[in-house]
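After this come two complexes, each holding subunit A, first together with subunit B and then together with subunit C.
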Partner chain A sequence: MTYDPKTGKGLGRFYDADHRALKYREWRGAKDTFYDYARWMKLYGFMAAELGPYAPQMARAMLRYRWMVPYLTAANMMDRHTIGQSGKDLRYSHKQFYSVLHHSVIKVKEILQRDENLNPGSERARKLRENTVMFDEMTPSLIMMGFPTLDWIDIAMMAVGMPSEVDQNSCMYYIDAIEHFGLAPDVCPEPATECGVAVVDDYAKVGKCYVTSSMPCDGAVQQTALMSRYLKGVSIFQITPPQRINEPQVQEYAVKNLKKAIRFIEDEMGVKWDWDAFWKNAAMYNQMAECMIEKWDVNSTDYPQVCGAALALQREFEFMGAACLDEYMLKTDREVTKMMHKGYEYDLAHGTNKPKYRCIVWACPAHYYTNFANWADLCWGVKCVNDMEAMLSYLPITVGDQEQALRDLARCYERMMMRSHTNGGYVNLLDELWKMCDRFNVNIVIMYDHVSCRNVGGLHGLFEDEARSRGIHLIWVPHDVMDPRTVSRREMRDAFNKYMVNVFREEPLDPTLLDYEDALAW
Partner chain B sequence: MKKLCVKAALVIASVFVVTFTAYITNADMKLVEKIYDWLIKYHDTKHVEEKL
Partner chain C sequence: MKDLKYLKYFEDLLEDTGNDLVRKAEAEGDIALGYTCFHAPEVLMDLPGCFSLRLRAPHTNSMEMATYYMANNSCEYARALLERALEGNFAFLHGIVGVDVCEANNRCMENMGILKIQGADKEKFFISNLDVPYSDDEDCVEHFEEQVSRKILKPLRDNYGIDTSDAAIRRAVAEHNEICRVISELGDFRKLLNPPITGYEFHVLTLATYTCPKCLILKKLRETLEEVRSRRPDPNKKYRARVLVVGSEIDDPGLIKLIEDTGALVVADRFCFGSVPGRQEIPLNDDEDALTQVCRYNLQSTQCPRQCAAHRVQNRYDTVERLAREYSADGAIYEQIKFCTYWSYERAMAGYIMPREYGIHVLSVDRPYIVGQSGQLRTRIQAFIESLEIKKINEEKGERAQ
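The block that comes next holds the complex of A and B.
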């Protein structure tokens, strides 16, 4: 409990309506405060060691790319997701988020090393670009498992996806730019931002060819079309996984498409697919997936451990950003899994930390409010035991059988972010939810109502009817993914508060978190 | 040797006091806020042509 009823002091006191930064950091008791301080030092130390040698390029990048500015607030990202936490929860969150930031720092360094705009005329940067494949945000780079000698950078993840989750204000300029250019304002802000970055020419020039995918939604289709026009002179390949992913008949096509993608990279980059490297990386992918499943198993019990954004965001970046090719992330997975089992045994033996309410998060989340589930836990005691964002492909890749392995890899692409659920049709979006409610023993669903998403919006009434018949509380929380001007963080909290007060007749655990202004905050 | 140890301990203690003060008062993020605002203002004043 972080609220003191005697003094009236709660976590809301850290927010300042007139400033972006928190007023000060939390004193969590000596042990936890010094742990948090040590992790803070570690983060800055790592950033200094990795990016320090590229200080001139970093300074140029801050002036050249608007999206680079939010990366300055990395420590605040950690604070947002650990506020109010102590003990093992604090440690889970730190380890999980550090692995995400660790990966991002390395990718920022790779951009600084090879970007043409930051290193004009540099022969070294040119050689690095010649050896780098660029990816789109919604296309995990899993295919690079078989190309160990090549580098890859997800240019949209680094310019759009990651900054949007670090700083809620990062996308608005790009949304305005593309709308000024003529795009209708009702398009999903995610692809709109990616297009906005293109029309103001703010993508880093870091690679030789570009791999994207076909997302079955209107926004993503126009985004791919605009990116193709923007990347003049760059060869582009579109991985197009089938939309009806559950039917066995489509799998042959999916494998053929992947083989074409492999041939494209071979031809463009002048290298050969390496099966030995692929087996090694597939084994790493399998170990990461196993760690994920273990977390799910523990969270299905009465004593969930790694919850909220610490579970979801880490898996999202591990799969979509790092393509399960980051050894540091595997190391973190192993450490956190070990800690989690220990934590579970302790809670089980002592009967502690049983959540007051259990929920899962469903549908596309607000990038600008990644710590919403943490807030729901701190304010109302509603613990998020799983999140749709974490439910990406988790089935293993068969090691040793080439054809089966490609079928498994194709299945990974079929179950990547957005495609597996929000754009996966009725069975994968609607029916899957009730299965997950059973599996995780929850009767509350934080249902993100992305106001610009036609796919989920089209099933709104069906969700309501089914939930009512099953006795499940659907708490609709509206948002606009990357544009907090449409629905602010405060309005998102208000929607949740109203349900808890009017339906559950609940009292908040921390009344200072009920209503506060954080429109300026990162 | 003893002097060196004392000096090292003093340096470590000073670094700790300064960094811990910066940490607990969130001075790092308050400084970043100023840099952030300056950089965003700089980007706002840049003339950018919108084209494909």
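The block that comes next holds the complex of A and C.
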């Protein structure tokens, strides 16, 4: 219990309307507080060790790139996702998020090493760039499984995706820039922000060619057109998986398209696709997917373990950001899976930690409020046992059969983050939700109502009709993905609060979390 | 100018999707196939025994039911169609050929399918959703051909016994090309300094070819062409500036009328439901299947911003530049229906690129589906026309000074 009814003190007291950082550090008991502090030190220690040697470039990067600054607040991201946690939950979260930040720090280092803007005239940086493929945020870099000698950097993930999750205010400047350029403000702010970064010339110049895609939505398609102009002089390939991904007839085209992408990288970078490396990396991919499924299986029981953003964000980043090619993430997956089984056995034996309410999260989440599900748990006891964003491609890649492996890889692209549900017809978004409600034994769905998304919005009424007929509570939580000025975190909480009070007639577990101002917070 | 003899006739046909000619064709045993997008090859829905109807929702007011089902941030065109469908206005259709090209249209079709909008007597009704590739190379053509074969031709054959042979496709293409020749010739008159046809009249005629069985309007179109050939325009040109309209779908001639009421003349139409693309002849050779050629033509001639491979983006800018040159346009109006993601981006980029790289003055606007008498839009267009006039005056002054 994080709320003390005698003193009236709860977790809401950590937030301050006038400050970005939390007001206090949380006391979780000696053991857990020490653990938490040690992890905090570990993260900054790792950042110092990896980025310290590149201090001049880092300093230049802070002045050159607006998006670089939020990385300094990475520890706050861990704090946000661990607030109110102790014991095994605290450890799951720390390990999961550390693996995400671990990967990000290494990628930031790679940017510092080779960026032309930060290393003008450097021969070493030029050589590194010659060996690097740039990717767009919504294009999984899984194809690099077959190119072990090449480096790759997801330039938009590092400039937009990750910072937007670290600091809620990081995208506003870029959104304003692209709207000033003439883009309608009603489009999804995610690709709009990526375009905004291009308009103000804030992308790092770190590679020789650029791989983008048509995924996952109309906005992402159009972002490609703008990026193609921005990256004039850089060779570009657009991976365009089919839309109706459930149809077996479209798979042949998908594989052909992927083969073209492979050929593009071979031609541009002067290397050959390496099947041996691919098999090794595919095996790693499969192991990561297995760990994910194990977490799902445990979360389907009465005693879910790795929940909320610790489950979803890590998987999302593992697949989209790290392309399942990060051995540290696999190591973390194994550790957490082992801990999770132990935790499950304990809870089962003692009948502890059974959630008051169970929910799953559906539709596109707000980047600026990744810990919303944690808040719902702490404030109302609604535990998020799975998240649509984590339900991306999880079927294994066949090892040893080249044609089948490419079909499997194409399927990974078709069913990457969001796209696995928003493409291929309503069955993947609408019908799949009811299946997942059954599988995870939930009757509450936190339905993210992304106010600029035409895709999920296009099924709004059918969701309502079906949910009513099935007795499932859809709690629509509006947001605008990257722009908290449209719908603030506070307004998101308010939408949820109203449902819990008016429909469930529920009392909050921690009343101090009901309403507080955090518009300035990271 | 004297009114065109059949203008009122064509205007009346645009008042309702299930107009008199649609009812007549159905009474004669033809089947009506609705569609919404250029990416669904129109000519394949005009095979002998069936006819295509590009779906519209004229005089749309309330869209409350559709807004419940699709949320208020969806394209108004898609919502207007769903509203009409839920009201039962598309119950006469025998099938709908949808495309998974933009999110709003895709979801609109899916809602129609789930909510069963077909008439009670239409037991063979089908809705298909084509997977349209993002580019135009031969892999894309092959993929698209498979989709079209399975999702258009097969249900037509299996459900309605329509002849989908190569010969039937060639016949449909020939009839399609006949309509295209008439419309193209009518459109070419707009290249003249003082054209004998207005942009509004041309749009009404073009729109009629999308929304009526073609064989039933061809005769009157030919007569109209003859009439325009000999029509005497007003002695002094009445317009203040010639403009090209570019953008997302316009199926409301009221918008073109609103533009022309401000003193502009719409000389070229590069928008969905317009003549470019859509009313150019489809060239066929005898060496290859007609179906393959139709599919390739469709992918290579689309001007939808959804295709964002670099050469396709370039093709769109070049097309606008070519049209502006051929039709002597003083400027281009880039318009989009509100909430259209594709055109939001295209419009923003064109607003930057066209003036700087092509020297084409651009007005960039978004608009509701049914424009009505939008004062806001009228004011913006008026200001644009004035700016074009001022630029022309300044250019003339500059030339004189030299």
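We take it that the second predicted complex is superposed on the first by the 519 of 522 C-alpha atoms of A that agree within 3 Å, B and C clash if a C-alpha of one lies under 4 Å from a C-alpha of the other, contacts with A are read in each partner's own complex, and residues count from 1 in each chain.
As a working rule, a contact is a pair of C-beta atoms (placed from the backbone, for glycine too) under 8 Å apart; a residue touches a chain by one contact, two chains touch by 3 or more.
Given the structure is predicted, the values throughout are model-derived calculations rather than measurements.
Once both complexes are superposed on subunit A, the partners subunit B and subunit C fit side by side without clashing.
When the two complexes are overlaid on their common chain A, residue A:L226 makes contact with subunit B and with subunit C alike. With both structures placed on the common chain, the touch criterion links A:M41 to subunit B but leaves subunit C unconnected.
In the superposed pair of complexes, A:F181 makes contact with subunit B and with subunit C alike.
In the superposition on chain A, contact of A:T73 is made with subunit B only, not with subunit C. In the superposed model, A:Y253 lies in contact with subunit C only, and not with subunit B. The three-chain arrangement built by superposing both structures on chain A places subunit B and subunit C 130° apart around the Cα centre of subunit A, to the nearest 10. One of subunit B and subunit C touches more residues of subunit A, and that partner is C. Here the smallest spacing between CA atoms of subunit B and those of subunit C, following superposition, is 8 Å.
On subunit A, the patch touched by subunit B and the patch touched by subunit C overlap at residues 181, 226, 229.
Subunit C meets subunit A in the complex at residues 68-71, 73-75, 78, 100, 102-104, 106-108, 110-111, 114, 129, 131-135, 139-140, 142-143, 146-147, 150, 305-306, 308-310, 313, 336, 338-339, 341-342, 344-349, 351-353, 364, 366. Residue ranges on subunit A touching subunit B, taken from their complex, read 19-25, 27, 33, 37, 40-41, 44, 62-63, 66, 69-70, 72-73, 75-76, 79, 173, 177, 180-181, 198-201, 226, 229-230. The touching residues of subunit A, when paired with subunit C in their complex, are 178, 181-184, 186-188, 195, 214, 217-219, 221-226, 228-229, 236, 238, 240, 242-244, 247, 249-250, 252-253, 256-257, 260, 425-426, 451-455, 457-462, 464. Put simply, subunit B touches subunit A in their complex at residues 19-20, 23-26, 28-30, 32-33, 35-37, 39-40, 42-43, 48-52.
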